[in-house]
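Note that subunit A is present in both complexes that follow, paired respectively with subunit B and with subunit C.
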Partner chain A sequence: MRICAERHKLLWWQNSPRRQRSRMEMTMRKKRNTGFFRNLFRGLFFGQNTMDPPVIEEEPVRSPMRMILIQYRDNKVAMTGLVVFVLIFLACFILPILYPLDPSYQDVTQQNLPPGFSQQKVPRALRQNAKQIDAGAAFSIGIDQNGTVYLWGILDDKLKAVPEDLKPVSQVSAGLSHVLALQEDGTLRTWGNNRFSLDQVPESVQGRSDIKQIEAGYQISMVVTEGGELFVWGNENLISIETGKVQGNVEKIVSNTTTALALTKDRQVVSLSAKESTFDAVPQEIQGRAVDLAATDKSAAVLTEDGRITVWGSQDFGVQEIPQKVQGATVAIEAGRSHFTVLLKDGRVVSWGRNNFHQTDVPAEAETAASIHAGYYQNYVIREDGSVASWGLKGYLMGTDDFGRDVFTRLVSGGRLTMTIGAIAVIISTLIGVLIGGFSGYYGGKIDNILMRFAEIVGAIPFLPLAMILSSIVGNNVSELRRISLIMVILGVLSWPGLARLVRAQILAEREKEFVTAAKAMGIRELSIIFRHILPNVVTVIIVNTTLNFASCLLTESSLSFLGFGVVEPNPTWGNMLTGSQASTVIVNFWWRWVFPALALSLATISINLIGDGLRDAIDPKSNER
Partner chain B sequence: MIRYIARRLLYVVFVFFIVSILMFGIYKMVPGDPARMMLDTSIANTDPEQYNKLYQEARERLGLDKPIVVQYVSWIGNMLRGDFGYSSQYRMPVIDMVKTPMKNTILLNLASLVLVFGITIPLGIVTAVKQYSVFDTVVQVGTVVGYSLPAFIISLVCIFFFAVKFPIFPISGVNTAGFTGTGWAKVLDTAKHMALPLLVMTLSSLGGITRYVRAAMIDVLRMEYIRTARAKGLREKVVIYSHAFRNALIPVVTIVTGWFVGVFGGSVVIESIFMWNGIGNVLFTALKQQDFAVVLAMQMFYVVLTLAGNLIMDLGYCLVDPRVKLE
Partner chain C sequence: MSLLELVDLHTYFRTKRGVVKAVNGVSYRVEAGKTLGVVGESGSGKSVSAMSILRLLDGNGYIHSGKILFEGRDLTKIPMNEMYAIRGNEISVIFQEPMTSLNPVFTIQRQLQEVYRTHQRVSKKAAEEKAVQSLQDVRIPNPETVLRQYPHQLSGGMRQRIMIAMALACEPRVLIADEPTTALDVTIQAQILNLMRDLQTQRGTAILFITHDLGVIREMADSVAVMYCGEVVEMAPVAKIFGDRVISHPYTEGLLESIPRLDTEPGVRLEAIPGSVPHPLNLPKGCKFAPRCKFATPFCREQEPALEEVAPAHSIRCLYPDTEKRRKEIET
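After this line comes the complex of A and B, so read on.
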């Protein structure tokens, strides 16, 4: 037992004791050492689990490559590094296929949301007893049959501050970051975001008890009274609407992030936009027959008496491709930011439009719905018995950044870009380094002198400043793809001198050996001697160097992108995802924006360096004494 | 020895000129005509003839009408005479503009140099002497982590802990804005601002140098004369600190000298994150503002630093180790 513990202690960092001990001890040790990974690795790469040779028998001759593999396999730290790196690598090259990145995607309503999947976690008490639900940007509000208010999702302190004297509520509405609640006695309450006096009910509305409909929108609040009057307050610079033409005649109001539409008492649809907009082109044939109304950001839909849907506005995301089965069978319509959800006569629910957060994937349990409630990217269905079903955006695994983009998607896509740039840069630098080092070492003399002076010149150019200058001079007026290729080339072309010197030194040592003389005597071409006879003898050194170089290329690319001279927005890399994170507000409040990219980059470089160190130890038994 | 130095110097001069031609070429590739940028474009619309005349005059003044070789010669002549051009951003000669940043950079880097070697030399020795111990293992893993982390990640973590969670140090600037104190108060204020960049700079160099010192020490400990010393019955302390340590210092001294030149260079990443008004930050802002006269001057400055660093390192090696023969 004690020996065992000691062995682990010794093996932890490096594996040299194996060579220092007698063969007998070694064999004994080997027999005990049957860890899971060891067997797995052996099974994967070496066929069946071979028995160790008995003490007296000669150890079978092994090829150097195989020796290296065995040495490497015994190095636990290096193996951990390998496993971690393989995992990161697979994640960066497989996950972007499953979670494709749309570089141009931005969403102001989803800015700086913390990680978590709480957006559709309906409180238990509401789950069987719901009366009405409304979805806000990243939170939802609901009321049960008793008029009690429930809030869930991503709530800031202002939203959590539900008024203590809140009486039973009959209607709720959720906006971007504020809430409207209509109490059963007919009075209105509001809380949440306190800018643009959104947290106060204006005096003109305060006294009224005949409120029919409330609508909390994008930093705006709207109220419709029984008499058809419309009151609007909030950020009217963002959503400029004209209420004059429908005042006193409003039946229902719907709003989106840019404007509002009204359904009048005489079943007309009126666009309230003060500016010209796509919503103005209300189809004439539905006027006078409209019964329900819904609006996404860029399109609007109206439900007519005959149960048919008409959509107008933008055609993005297929919002105008109305499924055939809903025509003539619809009883209610709701809209999110870019999708429509309708309730049919038989209680079925159908959604269409954009599906980036699965907001149109209606689950089976949403059948037998009594009412539908949709907003932003979420959908809720309340069944006859008051139970709730939901679908759409549940949350973000790693939160969102300052443009409302999913950090996780950017992280994996960014990883792919970072790794690709690093890998190609390393390939370029290795090719140049091996070629120049090879020629220089083999030919010596004048060629050596010229090539080494050249290496010295390249080596004397300070790396980061030059890369910054080049990318700022050339980079601004070329396409993104060419800019990225340029960065790869700059990285590759400037980082070869070290390798060239190493290869040269190795080849200098090798070229005096007998096999080279023999090859020369046989009349083999010099190119072939250098690259087919000598190079395989130094290839291990090159591999180690390439691995370590890869890590430093990742670091350099990230530093460049971090400073804004590498890959630039909207294309993500681990470096530019961290740009601007040093601001203390980001560091404290939005930790997910820097912790995840920083962690990914650190893990990647650490594991690559561990692999490189492990390889070096395995290849050169002397080096691991250090 | 003297012949070697002379030859090395010759190489340095040669490399310097080649790189300067490269840099000048890159500078010429910068889009935009400096002569046109000097002129008021409104004249072009009202009086094209007058504008053309002014433009030609500006070109002449800047020497742009001469062939590119002549331009290069006059530029490099100015450089060598200490005229590094004129900063369009600060509206003063580059040489005057970089004086304060240079002072700040040297201050920061010297402090970091002292700290780094004050920590790494003892650490390297202890880990080498206690090779394979738990302590050694922990330090080894720590050093791999240390040299794998980019400076900006270390900065973020340091800001998080020392400026946000426990607000001890300020995160930007050299002095508090509007600070007027002098003497001791000023020193304290600067020290406070320097703490975080200094910490990051030190942390990011610890890993590599600890490994270097440890490797040097292990090499020495395996020498025959150490075995002899032990065989003589000398105490372990004497063997390590008197026989081994002094010899292990040889490679360490060489990198210290190499680093010493780097003291003038500054770090673009760290200085720009902490807005430390140093050489690296000057280069960063100059690039952002497209102030290419400053960029070019800084670039040449860095080239000289690198070349001088390499030369001094090689010379230092043969100065401290008489066994090294220069060919």
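After this line comes the complex of A and C, so read on.
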């Protein structure tokens, strides 16, 4: 009926005065039909091609490959799989460029943090009338003009347990996981982590009302009194402090993850490290002139009367490259774990040092600052009117693992490694499989027999035990790169027999066809016949198999790494990121450490399988009639 | 000296049940610019003898003995390298099945060009021009379009023309046409045959024409070799085969009687040769045609006849080559 109707239309067109226009329409229609991507997405999101069938159209030249693509495009499930895989693939190969992975990076202060960006979410009530703020490892504490305490960021139950009888507070300090608060009546309160008695004020400090400065450090608490006395309690094994040299003479104390430095009443800077350290080399020319000081993990900076900054210690991350504009104009200095932030006379703020969490990217609204407060990876600025601006680490998209490493960065870099290993393994296995299958199928007879028996032997080798044995024998003596290459090769060399058998069967069928004899009669050589005439006829089957093989290689690599025999830490793969979840505490408490890699792995595998199935259906449309 | 000559060729196949002597002492010659027609039933060894020339035998087939002389060179002895240079270049083949003789995944262009690029060191551009030219030679309309098409888009006649174009691409001295028109309908068949004849007169190609269609043989061949059970039973110029038949092989006679003629009365039954070709592993003693021959004598079943020249350029493998004589024999 349709053909009839179209014929009528055609006749009518030919006799119609609008014939010219109709022709134009026809050519336009042709053009529309050639937009492959347009149709691709149309097919994906708007269902079947709803385009009117063109009335007359010369049959376009369609290669078998193109036919497969067209068939594939109409398969919605497979297209979804393709889109998902392409997204994962792009994420794994582009994002690592934007978020480079430093395999050696570890951060004890950032362990097992849940996903979220709450670390700089200053409570609304504090935003307009802040008095003082201090940043802890993953949380911050602040007080407003009324002395009310606010806590935000990643808080555990102990941190949330602010003492109910807390009086108005005049000074706060945040440590790794505990806080110190100085009440307006001069008494000290502390809460948070209860290890090393950090949640208790020691008897020597209890009842004193002359406390001038409080410093909650890395598992340590320090207090300076008006009289220059210094009290230290907490994990004194970790933080090496010798208080004797300065006792009774302390003006200000700063601490970092290893030690503390003191500014004395006579404007001297003294390293309190009990052991020899880089901080001991205090520059002599500043002694007696120091007014403020700050310490990162490996370097210290001092502000002298003339507003100049002097830095000593390690040179990592450019902490010693002091910007010129701060010299002579600085009024206060603060430090994070590896950056310095200074306040200038005119209220401007300058940061330098490590910028891995944008802690030195001072925002425009931080101008006109009255005071600066930096710690760990965060910076807060309180302006004249009590409003707050902040920059630095806001949080982690997918949390952090037990070494304080960002799960997201590891996930994308791990994906790249996982996929690279899978891809190279598949390429190796496909090459071997096609070569052996090709020769076996084409030559048949004895060669076939030998090669297929060989394939059966290889196929019978149990993969996981062999990989484990090889990995433990060879693995520890070679570099990480070689180890990874070894895994690729083992994976590739052991997974070809299936493909070889498939290619052999296909070639056995193809070589009996006349075109092979015809090619031979044309004087084309055997190798060329196998690989340039027969193989293209079976390449579709190979593509499908390779795709599915890729998925299984991803899984095998992941299981190897999960068991600890594949890629080992610190190089991430989806498999070894899951290693941690062998412990039930991780599964229960730190869900983000296993949910994201598991999700990525399963999504990638499922989407690749969908692609493979879709390709198979596209190549052999009969297969989905079953 | 002939261009191509088969001398006492024996081609055998190893099978699980024994050696099959598919070609058992065949000799024929193909002259430049002439056509030799080879006729016979299926399994008579006509294709195998032709495929032996280019050593295109299946894995279990081998040339047991005999010579294949091409311009004086024995093709059974030359190394494989030289064989590759001869295939498609000096001797080429047209196959029976145009539907499957072209690689389905490549365009015509690629397949045609490959022949040029295999045998002649020509640039891609020159190969393309030559491809267009060769398609014009086999009278394919708009060759530029056809070149970009895939085999499945073309009709059987078109594909066979392309096969011919490919076979003639390097201007071979000998063209082996293995039942080139069997799969085509009669009108296309006539076109293809005309085309082959024209190309032969233009280029002086020798054609070895294998068929079971005697009509086609009469059209095409200059001389005819009739094969039965791996042996040539009659060899004669085409005029003698289809002529007065004073002397002929009973098998040839049977073949000719089994095709309808214009002067055949309606309602008259055509005479078929009784029985079927004997199994190659179980050949009869004596004359191999004897079990099916209506003139066979006990003598025939004992003694194997040799191929004897009964007239100039006319040899017959029969103890009673004279038609009249054997008629009388059977009457007595």
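Following the convention adopted for this analysis, the second predicted complex is superposed on the first by the 562 of 626 C-alpha atoms of A that agree within 3 Å, B and C clash if a C-alpha of one lies under 4 Å from a C-alpha of the other, contacts with A are read in each partner's own complex, and residues count from 1 in each chain.
The rule we apply is simple: contacts are C-beta pairs under 8 Å (C-beta built on N, C-alpha and C of every residue); 3 or more make two chains touch, one makes a residue touch a chain.
Keep in mind that this is a model prediction, so the values were computed, not measured.
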Clash or fit, subunit B versus subunit C on superposed subunit A: fit
Contacts of A:Q582 with subunit B and subunit C, given as first, second, both or neither: first
Which superposed partner A:L481 touches (first subunit B, second subunit C, both, neither): neither
Most subunit A residues touched (candidates subunit B, subunit C): B
Partner chain in contact with A:M468 - subunit B first, subunit C second, else both or neither: first
First, second, both or neither for A:L98, with subunit B first and subunit C second: neither
Lowest C-alpha to C-alpha distance for subunit C against subunit B (Å): 13
Where subunit A meets both subunit C and subunit B, residue numbers: none
Residues of subunit A touching subunit B in the complex: 9-10, 12-14, 77, 453, 456-457, 459-462, 464-466, 468-470, 472-474, 477, 551, 555, 558-559, 562-565, 578, 581-582, 584, 587-588, 594, 598, 601-602, 605-606, 608-610, 613, 625-626
Sites on subunit B touched by subunit A in the complex: 11, 14-16, 18-19, 22, 26, 29-31, 132, 134, 136-137, 140-141, 144-145, 147-153, 155-157, 159-160, 163-164, 171, 214-215, 218-219, 222, 265, 268-269, 272-273, 283-284, 287-288, 290, 295, 298-299, 302-303, 305-307, 310
Residues of subunit A touching subunit C in the complex: 59, 61-64, 444-445, 513-515, 517-525, 533, 536-537
In the complex, subunit C residues that touch subunit A: 54, 56, 59, 84-89, 92-93, 95-97, 100-107, 114-115, 118-119, 148-150, 153, 163, 166
